[in-house]
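See the structures that follow.
Shared chain: chain A. Partners: chain B in the first complex, chain C in the second.
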Partner chain A sequence: MIVAGIEPRAEMVHWWFATAILVLGLLFLAETIVGPEVWARRPWRRYLWPATMFLIGLLLWPVMALYTNSMIHMVAHGSWAQVLMLSGGAELGVVRGKLHSRYWRLTSAGALFVSGTAFLVHEQNGWFFARAAFLHHALGWTLIVAAVFPLVQAIRPRSVAAASGFAMTFFVVAVLLYCDRDSAAILGHFSQFAGVPHR
Partner chain B sequence: MSADIAHELHGDREKKRAATAATSARVRIVLALGPATAAAGVVWAFVQPWRLTLLDPHGQGFWWLLAEPPLYIVLVGVLFRVLIARALVQDMEDAGR
Partner chain C sequence: MKRALLVVAFVALVAPASAFAHASLQKESPSFKQRLAVSPRQVVLQFDQSVDALPKAIQVFTLKGKNIAGTPRAIPAQREIVASLPRLPKGPYTVRWQALSNDGHIVTGVYTFGVRVAAPPVTDAVGAQGPTRTEDIVRWLYFVGLALAVGGIGFRLLIVRGPLSARAQRRFFWVTGIGIVTVLETGITSFLLRGEDFLQLPFSRFLYGDLSPLASGTRFGQTFVIMELGFALVAALIFLAWLTDRNALLWVAFGLGLVFISGLSLSGHSAADAGHSWLSELADWVHLTAATLWVGGLVQLAVVVWPTSPELRATAFRRFSRLATVLVALLLAAGTYLSILRLPHVHDLWTTGYGHVLLVKLGLVALALTWGAAHHFIAVPRIERPGVTGTLARTLIGESAVAMAVLLAAAILTDSKPPPQPLPKAPVAAVSQR
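Up next is the complex of A and B:
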C-alpha cells in the first residue's frame, strides 16, 4: 500500500526506471555502433551496462517491498529483481573473465522473457481499461518478443541485427514507461472504474 | 614502379579511405546520440510543459518537484555526450590509426 505523501507515486517510479533503461539503451546502441573491440578498449566501459542492469535489479527490491498492491504485484516485481540481477551479474562475470561461455547471454533473454511475462500476468485489466493497463500489455508483449534478440546473440554473438534489436528494445521500453500515468485515458478509452483521469 | 605495385598501392589507399569514411560516419552517429536524446527531452518539455512542475512549483510536493522526466532525458543525453561519447570517439580514432 502506498502511504500518501511519503512514498512517490507509481508513475514517478516508472519514470525513474525509464531513465535507467534509457541509459542502458544508449550504452547498448553505442556498443553496437563502435563494435565490441573499441568498446572494450577502456576496462571501466565494459562494466557499465552489466552494472547498470544489476543496479536496476537491486532497486526493484524496494519497489517490491513498498508497492505491494497485491500478491501478484509482489511476485512480479520480485521476479524482475531476480532476473535482472542474474543477467547483470552474469554479464559482470563475463567481462571480468570469471565466466567464459557465450551462452551466459541467455540470462538476458531470460530476463526479458520473465519481465514480459510478469508484466502480462500482473495486469488484471484489459488493454483499454486505462493507459497504465495498455502500457503493461504493450510492455509485456514487447519484452517477450524482444527476448529473441539476446537469444540470437547467444548463438551468433557478432550479429549486428540482434545487437541493434536488443538496444532498440530498451528505447521502446523507456518510451512506454515514460508514457505511464497512474490514471489516464488511452486512445480515448478510460474505464469508469479506473479512478479520476489525469493528463 | 611496376604497374602491379601501383595497383596494389591504389587498392590499399581505397580500402583505407573506405575504412576512414565508415569510422567517421560512426563517429558522427556516436557524437549525435547524446544531443539527439537531449533534444527529445526538450521537445517533450515543449509539447507537455505541465510535466515540468518546476515551471509552476507552488503547491507541489517534494516528489512532484523531483519527478521531471523531460529533464531526466536531457540530463542523460548531456551526460552520455560528455562521459561516454567523447572517450568512445577517441578510442575509435585510435583504433583506426
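Up next is the complex of A and C:
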C-alpha cells in the first residue's frame, strides 16, 4: 500500500536490479573477507558472482526491449545488459578454465566504465537539478572511478584494497539505485505531496 | 519450489512497473491507431506525472501535412495536455506531441488515428520518409549475422557432427559469436533508425523520443521486441555451449534461432502486403531459413573447416554439397512462389524499382548456383586429388562473397515496396445497379 501511494509511482524495476546488484556486492565482499583460496574450496562458489552478473545482464534485455518510452534509456539499458553479460561471461570463462589470461578481468573495468558513461550521457541536467539528476551523476562517476579497482586487480590479483573497493562499489551502486526517483528535490521531499515542487 | 521462485522473479521483472525516469504518456484520446466513426473534438494526452505544455505540445496533421490542432493547454491537476480540433473529414491523421517533463527533459512522440478509415502504422506517419540506404545496409548486416549465427550452428550440428579440434572449435564459436552479436546490435540499430524516421526530430530531441508506438503499434516493432529477446537468449545459449562443451545447448539455440527467424516472415511483405496468407508467411520463412543455412554453412566451410581441419575437409564438403542441393531447391521453390505473389505482371520485373532489384538478386543467385554446381559436379568427385583442396579454399571464399551479395540484394528488396496489386474487377451486376 505504501508503495502504491508514492507519487510518482515506485520504480520497481530499479529496485529489483538494485537488489540483484546488492547480492553481487555481498558475494564480492564475502570472497574478499574469507580470501580467494577459502572461497574456491567449494568449486560452485567460484561460479556464483560471475553467473549472477551474467544473469543480471540477460535479465536487462527485457528492460531494454519493453521500455521504449525514450531512445536514450533504451540504449543505456542495452549497453548495461551487454557489458554485464560480457564481463560475467569472461569471468565464467576464466573460472571454467576456458580463458587463461588474468587480463580478462579488464572486461569488468570496461563494464564499469561503459556503465558509468551511459549513466552520465543519459542525464542531461546538472548535478543539483533534481534528485534523479544528482543520483545519475553520482552513479556515473562512481562507476567510472571504480573501474580502477578491476584494473588494479588485473595487475595485482591479490590486492585486498582493490577487491574491497570493487565489492564496495556494488553496495554504493545498489543504494543509489534504491534512491533513484525523479521528481523529488535533492535530499529533500520524497513525494510531491510533501511539499512544493522543486522547480 | 526453486523453479517456481525463479518464474515469479522473472515475471515480476518483466511485469509492468515503472523503470522509467521521465514523464511517460499513459493514456491518449484518440488512442494509438484508433479508427473513429465520428470526428473527435479534441486530443487529450495524459501523463504519469505533471508536465508543462510547450508551444507545439500537440500538432495534428492531415495527409497533406497541414496542422489543424488548436492551441494546446496543460491541465496540471489531471496531468493532461489538451488541444481542440475542428470537425475532421474522413481520413488518416498524425499526432505529433511534446511535453516538458518534471525533470526538465522534453519527451516527444508520434502516433496515428483514422476518422472512418483505418489508421496507418506509425511508420507511415506524416513526415516519415521510409527506409533509407543506411537501413538497407543495417538489414544486410542483420541477414549476415543470422547466417553466421544460425547457419553456422546448423552447419556444426548437421554437417560436422563429431568433435572438432580445439582450434576449429574456437574458430567456430568466434564466427557464431560475431554473428549473434551482429544480430543483436543491428536489431537495435534498425529499430532506432525506424524511430528516427517517424519521429523526424533533431538528434538532441530524438534522444528523448517516445518509441513505444513503434514497439507496440507496428508489426515491425513487435517483431523487434520478440526477436531481440529471443536472440539474446540464443546468445546466452551459444555462450553456455562454449563454456560447458555441450552440443545439446547448441541444438536448443539452433531450434530457437529457427523459430525466431520467423519473426521476419511474420512482419515483412509476406505478412502485410495484399495477397498475404499463412502460405506466403511459410514460404518466406522457408526461403529465409534455407538462405541462412546455405550462406552460414558456406562461411563455416571456408573459414572454419578448411583452414583448421584438413582431415574433415572432404567429408564436410560432400555432406554440405548434399545439404546445399536440398536448400537451393527449397530456396528456388519458395522464392519463385513469392515472386509470383508480389509481382502481378511479368513486365513488373523491368518496369518497377522492386523488379529491378529482384532481377539483380536473381542474377547473383544464378551466379552463386553456377558456382555451387561447379563445386558439386566438378570439385566433389576430384576432392581427393592433390592440389584440389588449395584451389577449393579460394573458390569457397568466392562463393561465400557472392552469397553475401545475394543477402544485400535481399535486404534492399525487403525495404522496398512491391508494385501495387491490380484491383479486383467489379461484378457486372454490381456495376449495372449503380
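Observations
Convention: the second predicted complex is superposed on the first by the 175 of 199 C-alpha atoms of A that agree within 3 Å, B and C clash if a C-alpha of one lies under 4 Å from a C-alpha of the other, contacts with A are read in each partner's own complex, and residues count from 1 in each chain.
Going forward, a residue touches a chain if its C-beta (ideal position, glycine included) is under 8 Å from a C-beta of that chain, and two chains touch if they have at least 3 such contacts.
If you're wondering where the values come from, they're calculated on a predicted model, not measured in any experiment.
In the overlay built on the shared chain, the residue A:M85 is in contact with chain C alone; chain B does not reach it. Once the two complexes are laid over each other on the shared chain, residue contacts for A:P62 go to chain C alone; chain B is not touched. Of the two partner chains, chain C is the only one that A:A130 touches; chain B does not reach it. Within the superposed three-chain model, A:S70 lies in touch with chain C and out of touch with chain B [touch as defined at top]. In the superposed pair of complexes, A:V173 makes contact with neither chain B nor chain C. Once chain A of one complex is fitted onto chain A of the other, the partner contacts of A:A30 are limited to chain B, with no touch recorded for chain C.
With both complexes superposed, C is the one of chain B and chain C in contact with more chain A residues.
Touch criterion met: A:G93 reaches chain C, while chain B stays clear of it. Contacts of A:R45 after superposition: chain B is touched, whereas chain C is not reached. Touched by chain B in one complex and by chain C in the other are residues 8-9, 11-12, 16, 199 of chain A.
Of all residues in chain A, those touching chain C in their complex are 7-14, 16, 54, 58-59, 61-75, 77-78, 81-82, 85, 89, 92-93, 96, 98, 122, 124-125, 129-130, 132-133, 180, 182-183, 192, 197, 199.
The touching residues of chain C, when paired with chain A in their complex, are 10, 12-14, 17-22, 24-25, 48-50, 102-105, 107, 184, 188, 192, 195, 206-212, 214-216, 221, 224-225, 228-229, 232-233, 235-236, 239, 242-244.
Per the touch definition, chain A reaches chain B in the complex via residues 5, 8-9, 11-12, 15-16, 18-19, 22-23, 26-27, 29-30, 33-34, 37-39, 41-42, 45, 48, 178, 199.
For chain B in complex with chain A, the residues that touch the partner chain are 26, 29-30, 33-34, 37, 44, 50, 61, 63-64, 66-67, 69, 72-73, 76, 80, 84-85, 87-88, 91-92, 94-95.
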